[in-house]
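Both of the next two complexes hold chain A, though its partner changes from chain B to chain C.
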Partner chain A sequence: MRRIAAMGATLVACLGAQPAMAQKTFARPPYAGAYEPQGIDERGLWMQVDEDERTLAASPYVVRDTQLTDFVRGVLCRTVGDDRCGGVRVYVVKDSSFNASMAPNGMMIVHTGLLARLHSEAELASVLGHEFGHFENRHSLKGFRARRGATDATSWISLIGVVTSTPVASTNNAIVAGYFRFNRDEEVEADLLGVQFVRSSRYRLRASGVWLRFVAEQDALRAERGLRKVPRYTPSLLDTHPTELQRVGYLSTLESETNAGDDAMDGYRAATGRVLPQLFESLIKGNDFAGVDYILRSRGDALGWDGPLLYLRGELYRQRANPRDLVTARDLFQQSIAQPDAPAESWRGLGLISVRLGDVPAGKAALEEYLRRAPDSPDAAAIKMVMES
Partner chain B sequence: MTHRSKYLPAILGVVLVAGLSVPAFAGWKLIEANKPLTVNAITLTPTSNWNRASAKPGKFGVSLTHDGFGLDGLEIFSGLPAGQPLYRERSAKRNPMPKFDATMLPTDLADFFERSFRVSNEITDFTVEKVTPSDFGGHRGIALRYRYSLTEGNLVRQGVARLAIVKGKLYAANFYAPRLHYFPAHLPEVEAMLDGARF
Partner chain C sequence: MLRLLVSAFAGMLLLCAPALAQEKGAVRAGFSAESLRGQKIVLLRPNVWVGSQSTGGMPEPNGDWTEQARGLLDAELKMHLAGLDNVIVPEPELSGDDALMLSEHKALFGSVAGAVVTYQFFKGNRLPTRKNKAFDWTLGPGTKRISELSGARYGLFILTHDEYGSFGRKAFQLLVGGLVGVGVKSGVHRGYAGLVDLDSGELMWLNADEAMGGDVRESDGMKKCVAQLLEDLPIAGAGAK
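And now, the complex of A and B:
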């Protein structure tokens, strides 16, 4: 097990907890490697996550695509340096949520939903840098100790309150609120360390846009479902992270200071475009229509509308299948087919939609083309049944 | 990365469980072998004993199991009208379920089942292995063979579903179990039950 040995104190001291203190120039501290957990708390924590990793490594949820995993690892290595990333194990998992995480033993988990939402290697670098910041500063261990300290304190105070007939609820509430505040401060610290990693890499700092898009996606979904809006500027007492717009505030300030570097959008488009169906599958087949439509549109606007992306948007509308959706889906499938890289499934979608809209000859022709292009598809027999009916 | 507290739902959950004390399954009924079982309009005959849970998977369905739902489950849905979800819609706002539409093509039924099963069980690892024409209850429909896994545990699970639309209503059956032992052990009986189903 490799990890940094002499690291945290210098970094934490130079960063502090305030965004304004983030340095414009940054040199990664020396890396010693071969770190072993110290003390009973850290050894216990590592034992647990080592077991978690053994389970995850064999999980069907892990995307077994070496090329994709190597791409993510490559971005991480270019962000934090080859020495630091050498011991990290990267797992891309089938999860449609916008998330990534890093365990204290060096296990990094990246969700397919995160890769679907980002637009460049620079954006991925900002997220991976943040997660690596948690790892570098041993936030899991500090969080565990803070949680234990808070629960110990509230237990003792409650007991004393009972014995002395003294109301202690407000004291306990303050301790709990303090624990969540501690969590939020650690998130800010990881954000700032991530910024420093990105600034010392070849990538441009592109962090605030990621959060802005996430806010827009959530707003689209809430508007569709008629859900009330959530506070975007001020965190609630029990929030474990700063609000998205707080992050946008300090990250965009940092981006405006000095922001040289490469976005590397072409590399990101190529690496994720190859596995686009896997990244979007559970999003398309879920129930977050407005949110997923926003994700697809933002990717198309940023990276271009190619055949596979147009197909995915058509499929999203076809699955919802309101009468107006069928017409929109037919247009999107036709646009996809007009592209040189159209997937065979675009003809499937066009054929099925055309049949449902009553244009049976056009539907049959498209389905025939689908079967010609994908004769071994799992639903070939059912498609033939539709054509014969 | 997101900022909602993960402890709040757990705290609320404990309060609700403590306050209401309603078990997930209120009761079980023995379904005896070789006796016809009628679920609304569907009649089928098991060749071994099954357990029927009083908790329903959806408004128009029932759930049976041999060894407990963690190890195998057979769901039978009968007469689902247009506009209704296959599985129970726990929150129309936060987790809306796909709704059945009588104009769906056979292939659309496979997509409808997949989306319903994914959303109901919060599954992101689901693969359709085969979709084929099939008879169900003497009516033309489709059969869907699939595999999936749950977020907890590493077991690969398999399932087979049959769906048919009759007079604008959906009739469906779904059997699922871990690929290890339970799916192949019970599949022949389930296939025979579904082949003999009538409605």
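And now, the complex of A and C:
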């Protein structure tokens, strides 16, 4: 741990005056106002992402839930300020991966997998602040130009190498590695700008924990698959981002400088709890048992085990369906049912498992209760068939 | 060492510019100019991309050229199809479930057209079930809803992608050709067009052209481009050639 912290300190020191400035004032950078793309490259990029946004806006991948979208937008506005967030379009997209992105034209994409993994508005603020940092500093444009510069240079160098019989591979490799280094530097820049946004907002800076949990989730998955855990403190040559532990390092250093601000866990629990099945649907159905179990447990430990969350964990075990999993799932469904906010599906899960475990009367009773609570569910007919057989 | 480098270099160039300079189109059996005459055609928002190609072969989007090409394409298509008394209507502005339905069908068309190109049109990758077989593809009956919403019998899908070689790319092409003797492609000009019978969902005609001509940034060039794009569409004797 000390090693991580020491590394973080060096990194912050290397990055110059930016964090120190943030520490003093905690102010947002001045805002320029409505912006139109300048020059051929930027106008071209905007044209491209404008088309992408047309497609996305009518895509079935977008979660059509105004309340959820407004919640995310609200956190963004409180983080970067109302003037900046005014033009941003937020899309919550059905994607189980831990990610979010922002396009140069102001289109922000937030994955359901991100919302499933976070625990507070403050954590969401740190991620949205980072993405907005990319937007604010026009990283898409700079990245495009860096890529073009690198490929142009390697083309010419290769030609010169061939013509003059000079080996140039290492020169070209250095240019490519330089491009990736540039990319990592922009990620750190976005992290630091994001920190500045969060600090000037009402939220507490809670960025390192997000990355620590992500490392723990991946470790859980590796352990399940029998893969070695490799703690990485330094990025490899072709990494596009700083390593998670590097980010934990410098972000926790910045967090230790002040602990002012609000976590706003209650608001987060309420806003995401309402749509929990949608956020977890593809995670539960995926094949990453240990990782998803970790995500569910960490949410339960941080925000409390309510009926819907217990149900989801029961489903995770029911779908893996080892004999021992069925017993665990039955227990989880029973715990869920004991909660006042248990979803009807908990009775379905309990019923199906009881039937499979041989307790037919209890199974039928639970399934009957499911149909009583959700008579119009799409699987009602199938459940009735199970009950009759 | 030199040989190794040259071959590695040539390999890199091949990766950058796959040799696809071919053209291929097909018409569904029984589809003729008569089936098209007087029908309303809905033009789904064309997928237009115009830009340059950097020295290293990277596409560089150009917003102004793209906007220009969009306008020219629209006007030229209308003129070209006027001869068959066809009325071209733009894609309807939809919201809610209908908007999702339309976007799904546009994506479906992309997948089906991609499958035709990959598995039936060009040699090398043909599926045994599609090799030398009739042109028989469909999007399914779900397209009927598009017909109801737009009032059109046919749906026209267009994609054009034009990368003009930048000065650097052209110089690179010249020098590599002269000094190493390896061909480097400068510019990419791709055009796909397809016509779907919205009543049945069947694909009536598809043209995939990996070597389009005509400068889409000028009206004369666009005329040539559209003529090439609609080449095999059975509108013989009609339209401005």
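FYI, the second predicted complex is superposed on the first by the 358 of 389 C-alpha atoms of A that agree within 3 Å, B and C clash if a C-alpha of one lies under 4 Å from a C-alpha of the other, contacts with A are read in each partner's own complex, and residues count from 1 in each chain.
We adopt the following convention: a contact is a pair of C-beta atoms (placed from the backbone, for glycine too) under 8 Å apart; a residue touches a chain by one contact, two chains touch by 3 or more.
Remember, it's a predicted structure, so these values are computed and weren't measured experimentally.
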item: Partners on chain A (chain B, chain C) - clash or fit; value: clash
item: Contacts of A:T151 with chain B and chain C, given as first, second, both or neither; value: second
item: Contacts of A:I40 with chain B and chain C, given as first, second, both or neither; value: second
item: Touching partner for A:R202 - first (chain B), second (chain C), both, neither; value: neither
item: Contacts of A:T55 with chain B and chain C, given as first, second, both or neither; value: both
item: Chain B versus chain C as contact partner of A:H241, first or second or both or neither; value: first
item: Touching partner for A:Q319 - first (chain B), second (chain C), both, neither; value: first
item: Touching partner for A:K285 - first (chain B), second (chain C), both, neither; value: first
item: Touching partner for A:V162 - first (chain B), second (chain C), both, neither; value: second
item: Larger contact residue set on chain A - chain B or chain C; value: B
item: Touching partner for A:K364 - first (chain B), second (chain C), both, neither; value: neither
item: Interface residues of chain A shared between complexes with chain B and chain C; value: 55, 58-60
item: Contact footprint of chain A on chain B as seen in their complex; value: 1-8, 93-98, 101, 103-108, 110-111, 114-115, 118-119, 123-126, 128-133, 142, 149, 151, 154, 156
item: Complex contact set, residues of chain A against chain B; value: 55, 58-61, 94-101, 112, 127, 130, 180, 184, 187, 225-227, 235, 238-244, 282, 285-287, 319, 321, 352, 355-356, 378-379, 381-383, 385-386, 389
item: Footprint of chain C on chain A - complex, ascending; value: 37, 40-41, 43-48, 51, 54-55, 58-60, 147-148, 150-156, 158-159, 161-163, 165, 167-168
item: Touch list for chain C against partner chain A, complex; value: 1-2, 5-6, 9, 12, 45, 47, 49, 51, 54-58, 60-64, 66-67, 94, 99-100, 102-104, 168, 172, 175-176, 179-180
